[in-house]
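Take a look at the structures listed below.
Across the two complexes that follow, subunit A remains constant while its partner is subunit B and subsequently subunit C.
Moving on, here comes the complex of A and B:
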């Protein structure tokens, strides 16, 4: 990986999705010192078409993503797209098909009126779920409740994640929801949306775009590119859509994806060999759930690590040093910016105020989505 | 780059900019309609619901009783073998107390909703449904519940033929 870029993340942005793609792609290319002419192939990542209200969203975003007259593909793996599109970019290069690949992710959730939640209604099974008029927050509340109940986790411990990430986000120039003064009390006193999920447990809808540039060893050598980090492992896995038949307390599919990525990266003991993580955190409990799914904590142990400060930016296993989705915002696929982008910036020492104070050489990130069933994992090294 | 870049693209808008049309915008309201053929497994499932019964499919190879019913076993990847009735009692595996409706509008009376695993199906196999005749303080994971069916004349062949699940009373099997 030789470049990354992202736009501001905001509840509403004036730019169209296409314009946001252009801005992010341009930044990523500039940071890599390349032009569009150097790019062999383009991967576009974006979540459900219904947000933008344009089916064939890949084609709609094409020009902004720099993909016209090139091998171009849009990938979609729900909320996992933010990390998965990098995997798709990686296989273009790893297979030898392309030397330079531009990956551009976009999400514009503000166009859907009055709230993006209304189109989430269309993701449900039409026979089993839809007649009950579900709200997407329901199933995450159910997953959170199951996780809390099985392990006896307190809401106070989960709120610590929201506090950490929103404070970390203060140092992120694109952040939508940074708050230097937020406390556990604030989270616990915030409006109950779908218990146990309260308003400050959840990341908001956002607009934004992000991009990264991937290149082969040869390109990096020939051009003497110094700011680069290496993708050393990738994995992805999906569980059954029949979510009412699964025990939601542990994300088995994330663990499978992580094992696939660790095997490729030759990581035998992730807790010791991984220096920092960007777990997917659209809800505060998800960071805990994913630290366990990524095998960086034992089942039920992530709240303890959080309480002891292990996952703080200056801790032994920093988690979401970017500020995560909880602090920077959640334009679904565009969260590549604070997940994959953050791995790149941390590993190349370019994270500015967010830089982890001790040396970090190996990082992992995961994306998560669909009906609590999809996991994508990327391991990167300095 | 984050350390070196000083300008981050994006122009923020506020809700009023859109709702009071302070920015140039274009509007569209889709009007798509669907009719889903319910398929083999779900057609029988819905017909049985209308009769006040829950039906599952069995797989001889993995010995599971699959609910919701399906014509193939995703584990063994072979056809399932037969129909079997399961009970309308079960256990709350997880739940939420929701103050949001489908469109994320706030509601005063919370909806109790969750996953109930059903007696007679394989462990953890169940469905999402509403809970009632209990308060938000009373509902808990592990609670035993029973379906409350709508009167036969009101049933339409839908998961809503069950109005909700209520606490199982003492002495009820």
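Moving on, here comes the complex of A and C:
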């Protein structure tokens, strides 16, 4: 990976999705010192078409993302897309079919009126689920509850994640909901959405785009590109559609994806060999859930690590040094900026005020999506 | 590393399948493909890819509904929002990396579940510049057909020859939904729809599912398969904006073919390719695509169609399967269906539509109105 870029995450009524793509793609190419002419293929990542109200959204975003007259393809694995599109970009290069690939992820949720949540009414099985009129907060409340119940986790411990990430996000120039003064008290006092989920347990919907540039080692060598980080492991996994049939306390599919990525990266002991993580955190409890899914903590141990400060930016295993989705915002697929982009910036020493104070050489991030069912994992090394 | 197709599974195409859900269609095609390849999806497949678009499916995140019926639960699986050939190209790349040995590509259509097809397609138009103009989105195809016919001076009669050939080929294909003995003059006498396109120039929607099992050379040997090799893949997009794209020529197909030919080391496609399955969801598309693919010279495809060059016993059999005009429009499954047909032809399993002595075949797809994107696969048997 030789370049990354991301736009400001906000309700961006002035720009179309194409324009957001252009902005992020341009930043990523500039940071790599390349132009569109150097790009052999473009991968697009975007979540539900219904957010934008455009059918075949990949085709619509195509010219903004730089796909004009190039091999261009969109991949879509729900919320997992934020990390998955980079995996697709990786196989474009690793197969030898492309030397330089631009990956552009976009989401524009504000077009969806009155709220993006209305789109999520259509992600359910039409016979078994939809008649119950569920929404996402609902099922995540069930998952959070199950996690808390199995391990005896307190709300206070989970709120610590929201506090950490929203404070970390203060140093992120794209952040939407950073808060330097937030306390556990604030989270616990915020409006109850669906118990045990409260307003400040949730990341905000957003508009934005992010992009990364991938290149073969030959290109990196020939062009003597210094700022690069290597993708050393990829893994992805989907669980059954029937979310009601699994025990929600542990994300088995994330663990499988992680094992696939660790095997490829030749990582035997992830807790010891991985220096920092960007676990997917659309809800605060998800960071804990995913640290365990990524095998960076034992089952039920992540709250303890959080309480002890291990996952703080200056801790032994920084988690979400970017500020994550909780602090920077959650334009579904565009969260590639915090997840993949942050690995790149941290590993190349370009994270500015967010830079982890000690040396980091190996990082992992994961995406998560669909009906609590999708895991995508990328391991990167300096 | 060589990558080959070791299993093919298809359902029949039908104008409607009220007795089946789309999951059951997928299951049937997958079961057939796994039986054909002799693989157990739960233990011998490393990666699954489904090609689908939310609006066609009627779901917010269709990816959720992919795994169970194709045996992919708790396995590496992803959705490619593209045509089945885009999925095949991604499977090809996954295997080329060395990470994946056996991949499965699935694509399907349950078009009969779509009650507002024109409305769905219309939502593919630019929401600011084009959608507010109103009108049926197939107007885009009409405008393109007009630009193609004028710029190449192709006689409108040749569209009738394409329709007649493909509908008649469909009669030889037991999977085809719309095989019929259509006379070449009949399309020209059918009702005018999106001028110059008439009712019979437009393929009708169909339901169906296709699954291919793709394997590295090593895995193919392990499975004792006799693969049809993927010699080359290519995919490309022209401008998404109706105003700035090339309307007369299918630039996306030309670029995709260039890429596929480069990988397949094909220099003279018209000489080296024995048969082709190209997108014909509107009759003119078959001619426009053949020219873009270098299988006919610019402006000659129409006249060659009139000469019968593209019939099953012609110089270059095109859409021996019946194409989309004969089999039905299966949307994102269209390209994968064509690849499956080429595989059957090259294996000698194409029944009464079998083309004699074909060793190299081409499958080409287009992502339908209003896109200017498509993919190409060059398949071959033997060395």
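Worth a mention:
As a convention for this text, the second predicted complex is superposed on the first by the 379 of 382 C-alpha atoms of A that agree within 3 Å, B and C clash if a C-alpha of one lies under 4 Å from a C-alpha of the other, contacts with A are read in each partner's own complex, and residues count from 1 in each chain.
We take it that a residue touches a chain if its C-beta (ideal position, glycine included) is under 8 Å from a C-beta of that chain, and two chains touch if they have at least 3 such contacts.
None of these values were measured; they are calculated from a predicted model.
After alignment on the shared subunit A, the placement of subunit B and subunit C results in a side-by-side fit free of clashes. Of the two partner chains, neither subunit B nor subunit C is touched by A:309.
In the superposition on chain A, A:33 contacts neither subunit B nor subunit C.
With both structures placed on the common chain, the touch criterion links A:77 to subunit C but leaves subunit B unconnected. Touch criterion met: A:131 reaches subunit B, while subunit C stays clear of it.
Contacts of A:53 after superposition: both subunit B and subunit C are touched. Once the two complexes are laid over each other on the shared chain, residue contacts for A:240 go to subunit B and to subunit C alike.
The superposed three-chain arrangement places the nearest Cα atoms of subunit B and subunit C 5 Å from each other.
Shared contact residues of subunit A with subunit B and subunit C: 53, 121, 126, 240, 242.
Interface residues of subunit A facing subunit B in the complex, by the touch rule stated above, are 3-15, 20, 23-24, 27, 31, 53, 110, 114-115, 117-118, 121, 126-129, 131-135, 137-138, 141-143, 145-146, 149, 173-174, 191-197, 207-208, 227, 240, 242, 244-248, 345, 350-352, 354-355.
Subunit C meets subunit A in the complex at residues 53-55, 58-68, 72-82, 86, 89-90, 92-99, 120-124, 126-128, 234-241, 251, 255-256, 259, 263, 367, 370-371, 373.
Interface of subunit A with subunit C (complex): residues 16, 47-50, 52-60, 62-63, 67-78, 84, 88, 90-92, 94-97, 119-123, 125-126, 234-242, 252-253, 256-257, 260, 264, 369-371, 373-374. For subunit B in complex with subunit A, the residues that touch the partner chain are 1-5, 8-15, 17-18, 23, 28, 30, 34, 36, 38, 42, 45-46, 67-68, 70, 74, 93-104, 110, 113-115, 124-130, 136, 141, 158-160.
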